[in-house]
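Chain lettering (A, B, C, D, E and F) follows the sequence in which the chains are written, and residue indices restart at 1 in each chain.
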C-alpha cells in the first residue's frame, strides 16, 4: 500500500483534465493528478521575440508558478521576493523545451505561444502534471488558431506527456509519486515522452543517494507505461472537446 | 440593459462562494462574481512580524495577484518583472486594512493571518470580490483555530463585504460594474462596509472626470444595498460550511 | 484646542506657496502647510510614453518621495532599498490621477508633464499638500509653455486642491490633520476637489475603525470649506506670479 | 570673465550656510554655493551597524541624492530605476570617508551619524558643497548630543571643507567651477582639506585629457586658498548658531 | 573525424587538473577539458545556513559563473543585469546536488563548503568539467580540514565525475562534446557517476528532437567509459598533490 | 623590510604580463603583480551605445569583478546579491576613464571596446594592476582590429600604467602596497600616468587620517618611478607579442 492508498507501485493517480477552464485564453485546462491541481493556459501572441524576428518561424515559451498556499506551508510569493527561484526557472525551462519537441515551429507563422502553468494545489508531480496539461492547452489553442487562419500543417506533431518515477528507501521503484513519497524517495526521475515512445527529456536525480543501471531500466519501463495511460486520457479529452489531433495520430484534421 | 445583460442598474452579478476550495490552507474559498473568479486563502502563521513581537497581539496581512491570463490580454508576471506594480500594492494594502477593521487583533495571540487573493479570471471588480471572499476565508480559518486553541473571544467582530459602484458616461449610477462597464465609466467608487452599515473604506475616483455630491450620495445608497445582499450570501455560506459567525451577529459561537 | 495649537476643528493650517522655487523646472513651488513642506516641480518633456504615441495627446505623470529625515525618525531611502514602497506608489498614482482630472490632455500636443513632489519636511497631510502645490507648479509650467508655443486652449480647466479631514477618538471631525492628530485619528479621509465643487477623488479609511454615513457627510462638508480656502490661496499666488488662470475661472488668458 | 560672471580664476562663488534648516534632524543646513543648493542633515541613531557592535565606537555614514529636476534636464529617480548609480555611490562614499577623517569615532559611543545630502538645485560642485555643508550639519548634531549626554571629548577634531579646481581648455586653472565650466573643463580636481592644511582626499581626473605636475601644483594651491575661505564661513556660522567648535580650534567647548 | 580533430566518437578531450591553483581557498583547481577551462575553488565556512543550525551536520553549496568573454561573443555580466539566469541556476543546483551525493554531510560538523566554479574559457561541457574539477577541489579542502581538526571519518565517500554525451544529426552517439558539436547535436545528455558505477544524475534533452531507448542505452555506455577515465585522472592528481582519497577507494587516509 | 619581504620602500613587486591568455577575446592578458592576478580582456563590439550613435566615434567601457574566493575570506557574488557594490562601480568607472585618456575615440569608427578585468587572486593593488593589464589587452585588440580594417590612425596615443603609493603608520612612503600594507596604511594614493609623464588620474585618500603637501609630493615622485618601470614591462610585452606600439612611442606601426 502506498502513501496515498494506491495499491500498486505501477498505479497512476486519478488524472482528470478539464478543458476551456478559463474564459480568456485561446486554450486552457485544469489538470488534476490526485491532489495536484494545475491551471495551464496557452496564449497566442501575434509576434515573436526579437531574436527570431523575420525568420518566418514561431516560438513557444512557458512560465510556471505556485500560489503561495498551494503547499502545506505557505511560500513567499516570488513577486514579493523580487526574483524567481532556481527551482521555478528550472521547471519553466523544462516545460518549454518539452513542448517545443512536439511543436513544429515553422508551421504557425511569427507567433509566440505563452504557456502558463499555475499550481493551485500541490501534492507532488507538479512539473509533470504541468507538462501533461500544457500539451492539451497548447493543442486547444492551435486548434482555435487553425480555425481562424490558414496554417500549412497542424503544428502539433505528436502527443506529449510526462510522469515521475522514483525509488523508495528500500530500493523499490514506483510510478507517479505523491508529495509524501517524493519527500522520502532516494531517487527521483522525471520522464517526458511522445506517443511514438521517444524520449524528449529524462532528468534523474539521486537525493543524497545514487542509483544503478538496473534501477534506471526498471524506472524507465514504468515511466513509459504511465505515459501511455496519460496520452490515452489526453486523446479522450481532445476528442471530446473538439480539439485537433496531432499529425502523427492521423490527426492535423479537426477531431 | 447592461453590458453583461443584467436588467437593472442596481442588480448584483450572480455571486457564488465555495468554501474549503483548497486542501492545505486553514481557510479558503473560490468566489465567483459573474465571470470574475478569485481564490482567497487564509493561512495562520504562529508568529507576528518583528515590529509587533512581544505585544501579545496578532496581525493580518494580504497579498493580491492575477494569473497572467486572467485578463483578455496576457499580462507579464510580476515575478518575472521583479517587482510588484503600484496597482497590486494599492489593492493588497486595501484588502489588509479592510479585514483589520473587523478583526480584533488582540483576540488570537501572536499569530499572523496571511490572506492570499489570486484572481484566476478577471471581469471587473476583482478587488471587491477579493475582500468579500477573503472575509469568508479568514472566518473559516479563525473557526478552525478556535477549535484547536482557546481564544478569549471570536476574533471576527462583524461581517465585511465590498462592492463597486460607478457612473456611466450619461451620468447614470450602476452597481457592481463588469469589466466592460468599468472601462467605460466616468467615475468608479469602491465601498467596503460592515453588516452594521458602517463604512470601512470608500475610494472614489473620477477617471479624467469629476462627480457631484448628489452623485456621490446616489452611489453610496446603491453600494449599501449591494453590500447587504453580499453579506446575506456570506451568512448563508458560513452557516452551511460550519463556520463561526461574527460576534455582532450573535455569533462567536460555532454556527 | 488642537495638537498644534489651532483653535478650531475647522481651521486650516497656515498655507504658503512660493512659486519659481527652483531654477531649472518649467514650473516649481515650495508649498508649506504648517510644518509640512513639499517642493513640487513640473517638467515638460517633448514626447509621450510609447502607449500614447501618435494619438496627438499629452500625458501627466507624478512622482512622490520624502527626504530620509523629513520625518521624526530617519527613513531608509527607497533608492537604497531598491524599490518604491506601496505607500509611495499609492500616493504618486493619486497625484497623477487628480491632476489629469483638470488638465485637458488634448490641448498641449504630444508632451509629458512630469510632476515631482519631494517632501523635505513632514508633519501630516503630505499627499494633499503635494496635490495643492503640484497644481500651481503645473499651471506655471503650462503658462510658460503657452508663451513659447501656440496651444489651442489653456490646458488647465479648473482649479484643484486637496485636504485631509478626520475623526478623532471621541468621534469629532476635524480639518487638515497634523501628524500628531493623524496618528491618533480613527478615520482619515482625503478629498480632492475643483473650484466648481466637484469631487475628483475621495479616499476614506477607518484605521482599525469604521465610520457612519452621518460622519462621512460632516467630513465632506468640512473638506469642501477647506478646499475653497486653499483655492483662494492658489488664485492669489497665480495672479501674483503672472501664471495663467484656468479656463473655468474666466482664465486661459495670461493673468 | 568666467561663465557665471565671476571676475577671477581664484574667486569662490557666494556661499551661504543656513543652519537648523529642517525641524526633525539633530543637525541640518541648507548650503548654497552660487546656484548649487544642498540640504544636508545629520541624524543620530542609537546603534552601530552589525560589524561594529560591541567595540565601543561609533560610525559615520553618508548618502547623497539629487531631486529629479535639480538639473537642467530631468533625471530619472534612482528609486524608480531600482538602483543607485555609480556616480551616486562614488560621491556618498567620498562624503563618508571625508567626514570620518575629522571625527573621532571613539568619542561618541555606539552611535551612527547618518548624513544625508540632497541636492535640490545643481550648478556644479554638488559633491564639494555637500561635504562643506555636511561638516556643519554634523557639528551641530554633535553639539546637540554633547548637551544631552556626557561625551569624553568633542568628536569633531578639525574643520573640514571641500572645493573643486579645474583646468580649462586653454590650460588655465580656476577655482570652484560652475556647471558650465565643469562641463567644458579638461581636468577636474576635488580637494578635501582640514583647517590645519592637511589633505583628506584629492581626486583629480583628466576628462579624455591629462595634466602635468606643474598644473597639479597650481591647482592644489588654488584649492587650499578656497578651502580656507570656506572654513572661515563655517566658523562664522557655527559661532552664530551656537554650535561647538572643533577641538583643534580651541573648541570642544560650547561656542 | 570530429569537429575538434579527435579521431573517434568515444574519445575524451585532453583533460588536465592543476591543484592549488589559487592561494586563498582551502582547495582549488584549474581544470582544462580541451579548450574549456574552469577555476573550481572550495571554501570552508565555520557555520551552516539557518535552516540547518543545531543539527550537527554540514552543508555543501555551489555557484557557477562565466567570465563575460569566456565565450565567442561577449555575454553581459549577471551582476550588471542584477539577476542570475535560469541556465546558471540550473547548473549550480546540479553541481551542488552532485557533490552532496558523495559527501557525508554528517562527518564534518556544522560547516559549509562553498564550491565556486568560474568558467574562464568555454568550449562546451562547462558544467561537467565544473563537477569533475569541483570534486577535486572539495577533496583537497577536506584533506586540509582533516589535518587541522578531528573528523569522525573522511567526508568524501566515493569519486565523482561528469561527462556529456550526445547524438549528432545523423543519429551517431559521441562522447564529450565540444561547443561546435554541442550546438549541432540533436540530443545532449549529461551524466554524473561515481567510481562504483552508480548514477548520481542524468539529464538528457532532445533539442527540438527526441531519442529512442536504444540511443539512450548507447549513450549511457559511452558516458560510463568516459567517466572511468576522468576518475583515473582525478586519482592521479589527488595522489600527486597529497590529497586524501575517498573512503570507498580504500581511502580516508592521507594518500 | 616590507610585509612581503621586499627590501625597499621604492620597490615594485614582480610584475608579469602574459598576452593572449584567452582564446576568444580580441585582446587578453593575465597580469600578475606579486600575488595579485587579474585577467583583462578587450572585446570589440561593432556598435556604440545609443547616446553615441551617428557621431562617427567609438567608446571604451570597463567592468571589474573579483572571483568570490580571490580574497582571504570568501565574498558573496555580486550576481547573487543582485547588485554591484559601490567599490566595484568606483573601480570600473576609474578603469574606463583612464583608458579613454589615451585612446583616440575618433580613430576606430562606431565600435565599443569592452574591457573586462576579473581578479582571480587578490593581494592589494587590484585596480592599478587592472589598469596596467587592461592597457595591454586593449592595445592587442586594436592591433588585431588594425590588421582587419583600415583605421585612419592607431587609436592608442600613449602608454598608460597605474600604481599605488601609500604612507605607513610611521609616516614613511612606500610603492606598490600589498594587501597587508594596504590594510595598515594611513594614506592610500592611486596614480595613473602616461609615458609622457602626464597624470591621468590621482586618487588619494586618508583612511581616518590626513596627509601633508610634503607627503603628497614624496608619494607622487615614487609613483612616477614605479609607473615608468611598469611601462617598460608593457613595451617589452607588446614588442614580443607583435602588438602595435602607441603613436607617441613612434608607434602606430606594427612592432
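The rule is simple: contacts are C-beta pairs under 8 Å (C-beta built on N, C-alpha and C of every residue); 3 or more make two chains touch, one makes a residue touch a chain.
Because the structure is predicted, anything quoted here is derived from the model rather than measured.
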Interface composition of copies chain D and chain F: same or different, split at half: same
Selected from D-F, E-F or A-B, interface repeating B-C by over half of its contact pairs: D-F
Chain whose Cα centroid lies at the greatest distance from that of chain E: C
Longest centre-to-centre distance from chain D, chain (CA-based): A
Inter-centroid spacing, chain D versus chain C (mean Cα positions, whole Å): 34
Separation of mean Cα positions, chain D and chain A [Å, integer]: 61
Centroid spacing, where centroids are CA-atom means, of chain A and chain E in whole angstrom: 29
Where chain E touches two or more other chains at once, by residue number: 82-84
Order in which chains appear around the ring, chain C first, chain D after it: C, D, F, E, A, B
Touching residues (chain side chain E, partner chain F) in the complex: 22-25, 28, 35, 39, 41, 43, 45, 63, 65, 67-72, 74, 77-84, 88, 114, 116, 118, 120-121, 123
Residues of chain F defined as touching chain D within the complex: 83, 85-87, 89-90, 92-93, 97, 100-101, 105, 194, 196-213, 216, 220
